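Heads up, there are several structures right after this.
What follows is chain A paired twice: with chain B in the first complex and chain C in the second.
On to the complex of A and B.
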């Protein structure tokens, strides 16, 4: 009886705070209030940049964590959106540039990214596991070389410059504070979407396919279609991040979609952890902070050695990244406090 | 399966010609056409379509040489994968390191052959060390092994940049390899009736010959020796090989040594034909990836076929559609994946 009444009493009272989780609310509030204390440099170069790369890695986490497909082509997808913004919008490179308004350009750019992501997915889902990594790496590298050599569409080595973020409602969205909120908005939206999606029917099906594709096929699920749709969704995230990236940099060139960047995305996701959507953001902040401040420690030249070693250490010590480390330390801390108690 | 397949395939093609014979006929015809293209003096209309005979034959020869180089790099890659299910994404770095070591040794001692030997030996040792100290610790975890190779390639690229800076090096070839070879291929006939023969750098012919010799050597090693037997058995069933009393770790170390050594060897040979510079590691990694995706993972014959396709496509693309050469390579990869996901010579998984 008492159990039933408790259950009856609890379920209707599960308010929005319980649903979202206290941790999320605290984190969200802190991020919303951050511009009050953060300098302009920290707002854009660190926080904004981290969130853009966080969303990019989130798109990889979606594929790898829930779909079991490790992709190195996420920056390529983002780059397609970035190039689309440069080509459909306006740039000052005197090549193409249709000058469409931003609210037409952005949907088109994101759609282009999502469709090409689905295409890449459709090519690579014919293979499994580690092969996906190889094929996406080959696609990313080939796209990079193509963008470098092609002048008709990609404007070759120099790419496009002079791309401006839109100005509307009287706000220049590339100013530090608006841009920070733009990135934050995208980060929160995509984080919530991935979290919600992972618990939806599609997310559950995708995870089941990751765990046992043969059984799911036998149960009558269209395995390939589910995987390709996951690629499509990841493409939307990567495309949105690509749009913000090109607004942030003001330019896009083959260097933006180079193999080193593609590997950076993977490093961010692995360092953060691929088990939970918060991982990519943690990884992004760690890597961007290192990228910015490692110069003071090891000099700008040897930064890659440092990040490579950190990456190697993470892979060796904790396959689940920083989140995995935390998961391993947390029970120890709890035990310590228990022991200290009496 | 094959017994069951036989009648159906012969009845399909009809007239008592099996599918195999039909393919053989197609192959012979193609060979005849290529031979005619290479040796005959071209009529005007053909020159008009294919720019000139000299350009065409040179593209083919360059393609073959490049294929030889790609084969040298990719054969190590595919061997390592076949046995260990380990995608060594640091393979391009091994190539570049081999090239740098070859450059240092050659320029200090003045002996090119010493440079080649050093490139192979040092990289073979590095390969064994990598296998023993890194991959053995992560055995059975393909994904982490691959991630580790990514980390190694990042660190290696950065350290090589620190030591050798961003400059471009050229490994000096010895005098006996310099010069050009006059091939019995008539490119044009002068107005006075004298034939113009095609000349081609001797060194590139040597590269091609070396690739063929090493390819045959690898094939013999894999198919005729005891170690090769163990390697093939390991490719098919690693656990069973270990259960029958073979020291699998030693076999792994040998394969990793040979694979890495071949990458280093290719680095010196390729660095003499082309040039050594940062970024070459990514280029050759891409080449090995595409070659083994097309040819089939774990197969030496597949690596040879893939290298031929990609090398020829790249050079012919360079001559006839310069900016879209990469796309041609890419199209070959996608078509292969669409028709045969496991690669041309790959085993179905």
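On to the complex of A and C.
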């Protein structure tokens, strides 16, 4: 178990396979080859969409899993990036739309998201536990209603339409296969970054702050600054996901950043499990598959009930989400430690 | 090593199950997109009843092929409508799609339709003006009329027959109520009336006190274009605040979902004039037959809502056109779209045909709320406005000069 060995601080001579982990190699290869078998619908609507929401939930997992800060405002942060793309780039809603090229728009959008995330963090780090949840919910709701009623910047209920993914190197990046690889690239990068970051000095400090902020403060660490920086990093992830989300939908409206979506993000993180960065992606696939196909299983009247029941069942069987479920089954399959990753 | 490997395998197998189920030759798949979740769930379910009434009339088959209805659900937001439409078209492989229900959804699905020229889109009840008027999609058809058409005759009636000179408006803040206010004001302002104040409230608003306070005291009436719970909340609070001005109703403000509510609200609602594509007391035999057929659907209202009506008309048109082309959509639906463009047929509410933008020309009903013999509130038919077109009888170039509907257009303070 390569990751466990690193976490334990016992670093034997490693070849590259051990360093990356065979599971990662197999998973990565499978995902790279997936377009050979997957239909266009599955590539974008299921796989691409799941990876976008996976990255979004990953930003929540980073805050909640390592920092102990449960946020409902991640979709708001992504929404800021999405609206920035619509406003700074071009749209066909005849409102704003500066028509800047994508390589200027994207850094701006992500920076705007990261800074707003840091601001939200700066406000909410004064609180803990359920109060963080409440304050971020308040921010998410306020932003939703502001976007819905503001016409000068957000164009109200209908929002912005006609936003196109860039075309360069002769490739339209919204075509199913390129878009899939775009999402996959972002997912792998963010996953690796969070995995690496969790074992960096900053990551360890953040986890220590989560476990005992008072002691860390006594040791001379600036607790607030560390937490706000974690929000900033989470904002970068959410912002990148927001850019892909607006390219995916081709449009953004208050419905994109509604409270129900904010709760979906939380559900994804909880269903997947907050202990390891793979959790949000597993959760995203389960949730997206359920939301897409539940209507085919039980019909239009009760499909939301089925979705709710499945989520309830997962949380009931394993409070740690699907990852936790795996942690319970695994000892029966192999004689390994129960500890998951970091 | 096992854990990660197995996890990877599990993910991989889960994602390599692309079920591209193709329709067999003897069935024809029709997508049905409506709001089965969110604030308009009740309306969406009634829309489904309407569509299924049309399917039941042909015994579930058309041109010898069995009809298979594949349902998609949205929550009235444009994003969810496009997502559901994508699933129906790209995963379930429908070539004909009926829907969506709400205004902004229609605008979004029209944009999506442009990217799928081989699929034929027929509207549900979405009634924003620009779904068909400006920048329309070649493959999007609307056999139900738009929100401005639904208001035909109401502005003139309010000014001339009711004698209202000054009217304030209260409406929800999105494209469909804009279109309704536009339709009302187009006539009302032209007749000489004034609208000094327009209030726009978000969907699902609960507290209307600030809106009520902002209504000028000297108005003769209030034009209300709110739907479902929003209408009930506003009317109750307005009455409790001591408001006495008479009301003028938008098409979905005084429908059965609001009229069946209990309390003092009923007294306020009596005598409210409104207009729309249906009237509860329509005596025409075709309407009565439709009401009977509709009532056979599970959970039906005493009288079909305009959503049931709209979905019925659009589904009926779809089935008639499919019948004409022998259920053949193998040519990318080209023949079907030709048949749809030329289609003209008798609905329960009169003759319907399409204009060059594929938007319906149909009869509109001017109504007034009265108490029926059994104590229920009903929309009594006052007048039929025959064959209203999308430009409300105004020449097209003149109509286009009025500009796109939004919060500030039209204006006659």
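Heads up, the rule we're going with is that the second predicted complex is superposed on the first by the 315 of 342 C-alpha atoms of A that agree within 3 Å, B and C clash if a C-alpha of one lies under 4 Å from a C-alpha of the other, contacts with A are read in each partner's own complex, and residues count from 1 in each chain.
Definition applied: a contact is a pair of C-beta atoms (placed from the backbone, for glycine too) under 8 Å apart; a residue touches a chain by one contact, two chains touch by 3 or more.
The model shown is predicted, which means the values in this text are computed figures rather than measured ones.
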item: Partner chain(s) touched by A:285 [first = chain B, second = chain C, both, neither]; value: second
item: First, second, both or neither for A:251, with chain B first and chain C second; value: second
item: Chain B versus chain C as contact partner of A:145, first or second or both or neither; value: both
item: A:304 touches, of chain B and chain C: first, second, both or neither?; value: both
item: Superposed model, chain A: greater residue contact from chain B or chain C; value: C
item: Which superposed partner A:218 touches (first chain B, second chain C, both, neither); value: neither
item: Contact residues of chain A, present in both the chain B and the chain C interface; value: 145, 149, 151, 301, 303-304
item: Complex contact set, residues of chain C against chain A; value: 1-9, 11-12, 14-16, 18, 20, 34, 36-37, 45, 48, 70-73, 75, 77-80, 82-83, 86-87, 90-91, 104, 107-108, 111, 173-175, 200, 202-203, 407
item: Of chain A, residues touching chain B in the complex; value: 70, 123, 126-131, 133-135, 137-139, 141-142, 145-146, 149-152, 259, 263, 266-267, 270, 301-305, 307-309, 311-312, 315-316, 319
item: Footprint of chain C on chain A - complex, ascending; value: 1-2, 21-24, 26-27, 30-31, 34, 37-42, 45-47, 145, 148-149, 151, 156-159, 161-162, 249-256, 258, 260, 278, 282, 285, 289, 292, 295-296, 299-301, 303-304, 326, 330, 333-334, 336
item: Residues on chain B engaged by chain A in the complex (per definition of touch); value: 85, 87, 89, 137-138, 141-144, 146-148, 150-152, 154-155, 157-159, 161-162, 282, 285-286, 289-290, 293, 297, 322-327, 329-330, 333-334, 337-338, 341, 349
